[in-house]
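One chain, chain A, appears in both complexes that follow, with chain B as partner in the first and chain C in the second.
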Partner chain A sequence: MSVHGLHIRKCSFVILGAILMAFAGTSFYNSRHLREPVVLSPGVTQVKKLSDYFPGIKGTINDSNIYILEGTEPGGTILILGGSHPEEPASRLTTWILAENAAVEQGRLLVVPSANRSATTVTRLGGAYPPDFTIPTPWGGQKFRMGDRWSNPLDQWPDPEVYIHYPSRQELAYVDIRNLNRTWPGRANGTLTEKTCYAMTQLIQKENVDIVIDLHEAELQYPVISTIVAHQKGEDLAALVSMMISGSEGFDIGMEYSPKALHGLSHREIGDHTQAISLLLEAPEPFLDATRGRTDRALLLEGKDEFVLRAGKHGLLFEKMDEDGWPIDIRVGRHCSTIIYILELWSEENPEKAVVARKIPRYAEVKEKGVGFFLRDPTKEDPKNVYFE
Partner chain B sequence: MIMTILYYILTGFIAFLIIWNLLKSKKWQEEILYIIILMPFLLRLFRLK
Partner chain C sequence: MSMATSAQIILAVMVGTYLIAKVFKVSTELSMFAAALAGAIAGGFGIPARHIVEGAFTYLDIVLIFITATLFMNLLKESGGVAYVIRGILRRFHRRKSILFVLITFLLLLPGALTGAGSVTVLITGGMIAVVLGYMGISKPRTAAIIFILASLSAAAPPVSLWAMLTAAGVNMPYVGFFLPLLLPCVLLSLIVIFILGWKGKPVDLKKALEELPEAPPRMNWIRILLPFLVFIFLVLAGRIWPHSLPVVGLPMMFMVSAFVSLLLSPIKLNFLKISRDTVHQLLPLIGTLTCVGILVQIMTLTGVRGLIAITIVTLPLIAVFLTLFFFLPVSEAVLMWGAAPVLGVPLVLLFNTIGLNPIIALAGMSVIWPLGDALPPTAIIGRLTVQTVGMKDSYARMLKHCLIPAIIIMVVGTLMVVFSKKLSFLTLL
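Up next is the complex of A and B:
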């Protein structure tokens, strides 16, 4: 081939590559910068930033919003974390429902929809995850970022060869240095993810939080599923909640002890390093199962998958799986009802530290009306009442 | 922070080597391969992924 022909061929390939990269780059950019509106419930009395508790996080992507709902009567304080693992969207959607609907009569509810905001801006590398998903609402639909389990490498890179957890010095998987639920209680001079946990720990201590509820979802092939994982300080409360829900709400939820020798997790470290009781809620999410089929928005929202179904028929799952799957409404509804029971039972046992909240929908209501029914239209609201995640 | 900067420099250097090989290559299969493997390096350098 002549030199001229060679140049034309190379230029053609480069142009083709540039077009492909432009498409991919635009998708990645739009996903990272998608703005997710939160319309404040009339019950929200303050919106603070994580940097109000630890200035070291100021100016970073993880300087998350904290929506504070205060009652007129003094009482206890409960912190609810969504988005510790943003690829578990029922956690974030539950916090959206709380921030947009709940009203507190006694005590305080602190709601964080994006505990690891960096992880909401990226999807699993090589995982072909959808970049976003839309929840249908009576006024159209609201789009959310899909997110990942780990902080975005654009915000924290490179990973170390070996990750030694602070302060236990336990060796964990190297990639988990970007996992918010492996870096508790955090470190003031650590990585972004460690600093985020440190800021949360400061928040828990300075606001005198009584209970931290960390919302999650899990694959059906993982034994810790449909359960409340409780630090020993919260074992009685979790067991009572489990019994009450299983008898009255239309779904079962178990209770597990937080392993004392496994470090970095919220249910272990928050309980060990602060005054708060730490509870972690798990709902079933077939999207996360390794044996799933096509990893698309339908699987994320409907929770139906023929391969996971087949795995269930072979007895390989720790939760039931049928043709109805695990729709997002059911997963969010489970979290809502579990939170209601935690609040109620805690308040009954601790009247001086009660947290009494209204307008949180129960499981049956979310299942019937759908998550979108409880999301409010930001275009119809005063812009002063709209915040962005 | 220093490690991050070093990794970006390393990424830029590897991207440069791939582009250099692309320019020197005479085989069309290799040229396509170089363009494909160049993409993640450029996406990281441009802070897109």
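Up next is the complex of A and C:
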């Protein structure tokens, strides 16, 4: 090829690259800056920031909102975390339903929809995730950021050669230094993700939280699925919840012990380092399976996939999979009912620390009406009652 | 149309586009890019700019490690350090073939192990080792085979083994516990290969060899060579010993610091900018490949093609999986290069994990087999590079012929590691 021809070829590639970057850059910018409205439930009495508990997080992307719902009677305090892994959308959507609908009569409910806000602003490299998804509502639809498992490298980079967890010194995968569910109990002078966990540990201690419920979803090829993972302090409660739900709510949920030697996870470290009982809920999400087919919003929200179904027929899954899939309504409904049972059974056993809440929809109701039914139209509300994630 | 049929059609379009691009002698990187574009269009996604750019950044960290580690190695070579080491070894051990082979094995394994790239081994030490082997009376095709196989094993050796890293990342498995499962087979197989292929080698004619090898600068010494490595080891160890007192540095910065130490200690003045430019130029095909593999994998995931391949593999009879690993792994490497790891490696590791095998040992076994594909067309990047570096004038097939027996041994060892991975689990704990 002549020198002239080579120059033309190089220029063409540069121009094509610039066009691609412009389109992609716009998409990245828009999804990072997408504002997700939360219409406050009348039961929300305060909205605090994570930096109220640890100023070291102030001004960072992870200075998340904490929606506090207080009853008129004193009681216990339960913290519910959504978005530890934002690529598991049922966790965030459940917290939305709580913050927009729940009413507390006794005790307090603390709700964090974006535990790792940074991770909501990025999608998995190589994962082909959609940048966002829309939940249909009676008033149209509400758009949410898709998110990833790890904090955005724009907020925390580079990763170390190996990640050594604080304070256990356990060696973990280097990338997990950006995984909020591997950095508990956190470190005041650590990375952004470690600081975020530290701030939440401070919150748990200062607010004297009794139970922390960390909401998650899992691929069907992962053995820890459709279950409550419980710290030993919460074993009895989790076992009881599992038993009660399996007999009455129309779905089964198991119970597993938090491994004592596996560090950094909320169900282990919160229980070990604070006064709170820590529980982690897992719902099935076929979108996360490595054998999944076309990766799109439909798979994310409907949870139907021919290839994952085939894997199930070959006995490769740890949860059933049929033609109906695992729609988002069912996954969110499972979380809602499990939370209701945890509140009820805890309150029965600990009347002086009871947390009594109403207007949290049960599994059957979410399944029937859909998640969108419980999302409120921000345009019809007083702007003072609308916060953004 | 079912998901499977749709994915099969898209896969056919992608394969067809790739083959057509190769027929028109388009580079492997651009052929993969073209296949990705065609797949996205066939899947009804048009030209998905976001996915293309996101996919292109998938292996950014690995690319940075590549560039900085190779820069470090190139500075060491340009300062005369590599020549100094090889001349020193020859002077001392030219009559003792066995020790010479062991030291040559170490010199060939080190660059690739540190950088994850067999090409770096070929470029940094391969040429000079070829001269030494030549003076031992070993033929050029046989020399090329030794350098290619050891360069391949160096790429699989720890600490940086891209196949293991990419697959582990794909299944959310920590890249921890791989050191011995990768190191042992790589070192042992390298020694076996060099002794088999170099067995007929005679003692080196020292005078002639030293005349042909590049001179080391007069002021070069072992401290100037070893100090940059010690700095690198110190930085790695410091990050592990005081992880909560030091800022996170990252491997690329560690290699850069070592590179600067090497630059400062060089007995001759080095043109840093020129060496940096040459390094990037030298690595462009590999960087291009990694970038395009990222795009290809992203589009395959988007369209369901990756899922189709994954589900097809994990539902094969187990015995068929074991018996065909030796074939599919090198062939997938020849076509996709490192892209083979996320596409084939991820479902295989999931399958092995599900049936109770040890995923780390199994992945280490596969990682030893994969790089053999770097000698096979259509890419054959490392094979071709080796032939050029050694200056072999014979047909390419002659080198492949000499690679055959070592390759069979490596395939057998790798497959046995997979099959008996559970029994070898103790290696991950040491």
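Going forward, the second predicted complex is superposed on the first by the 377 of 389 C-alpha atoms of A that agree within 3 Å, B and C clash if a C-alpha of one lies under 4 Å from a C-alpha of the other, contacts with A are read in each partner's own complex, and residues count from 1 in each chain.
The rule is simple: contacts are C-beta pairs under 8 Å (C-beta built on N, C-alpha and C of every residue); 3 or more make two chains touch, one makes a residue touch a chain.
The shown structure was predicted, so the numbers you read here are calculated from the model rather than taken from an experiment.
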item: First, second, both or neither for A:A364, with chain B first and chain C second; value: neither
item: Partner chain(s) touched by A:T191 [first = chain B, second = chain C, both, neither]; value: second
item: Partner chain(s) touched by A:R310 [first = chain B, second = chain C, both, neither]; value: second
item: Chain B versus chain C as contact partner of A:L154, first or second or both or neither; value: first
item: Partner chain in contact with A:A128 - chain B first, chain C second, else both or neither; value: second
item: Which superposed partner A:C11 touches (first chain B, second chain C, both, neither); value: neither
item: Chain B versus chain C as contact partner of A:Y29, first or second or both or neither; value: first
item: Contacts of A:V162 with chain B and chain C, given as first, second, both or neither; value: second
item: Chain C versus chain B, contacts on chain A by residue; value: C
item: Common ground on chain A, meaning residues reached by chain C in one complex and by chain B in the other; value: 20-21, 24-25, 28, 125, 157-158
item: Parts of chain A lying in touch with chain B, wherever the complex brings them together; value: 6, 9-10, 13-14, 16-17, 20-21, 24-25, 28-29, 32, 122, 125, 153-154, 157-158
item: Contact set on chain C toward chain A in their complex; value: 2-4, 6-7, 43, 49-55, 57-58, 61, 159, 168-176, 236, 239-240, 243-244, 248-254, 294, 297-299, 301-304, 307-308, 310-311, 314-315, 342, 346-347, 350-351, 354
item: Chain A residues touching chain C - in the complex, by the definition given at the top; value: 19-21, 23-25, 27-28, 123, 125-128, 131, 149, 157-162, 164, 166-167, 169, 171-177, 187, 190-191, 221, 290-296, 305-307, 310-311, 314, 316
item: Residues of chain B defined as touching chain A within the complex; value: 3-4, 7, 22-23, 26, 28, 31-32, 35-36, 38-39, 42-44, 46-49
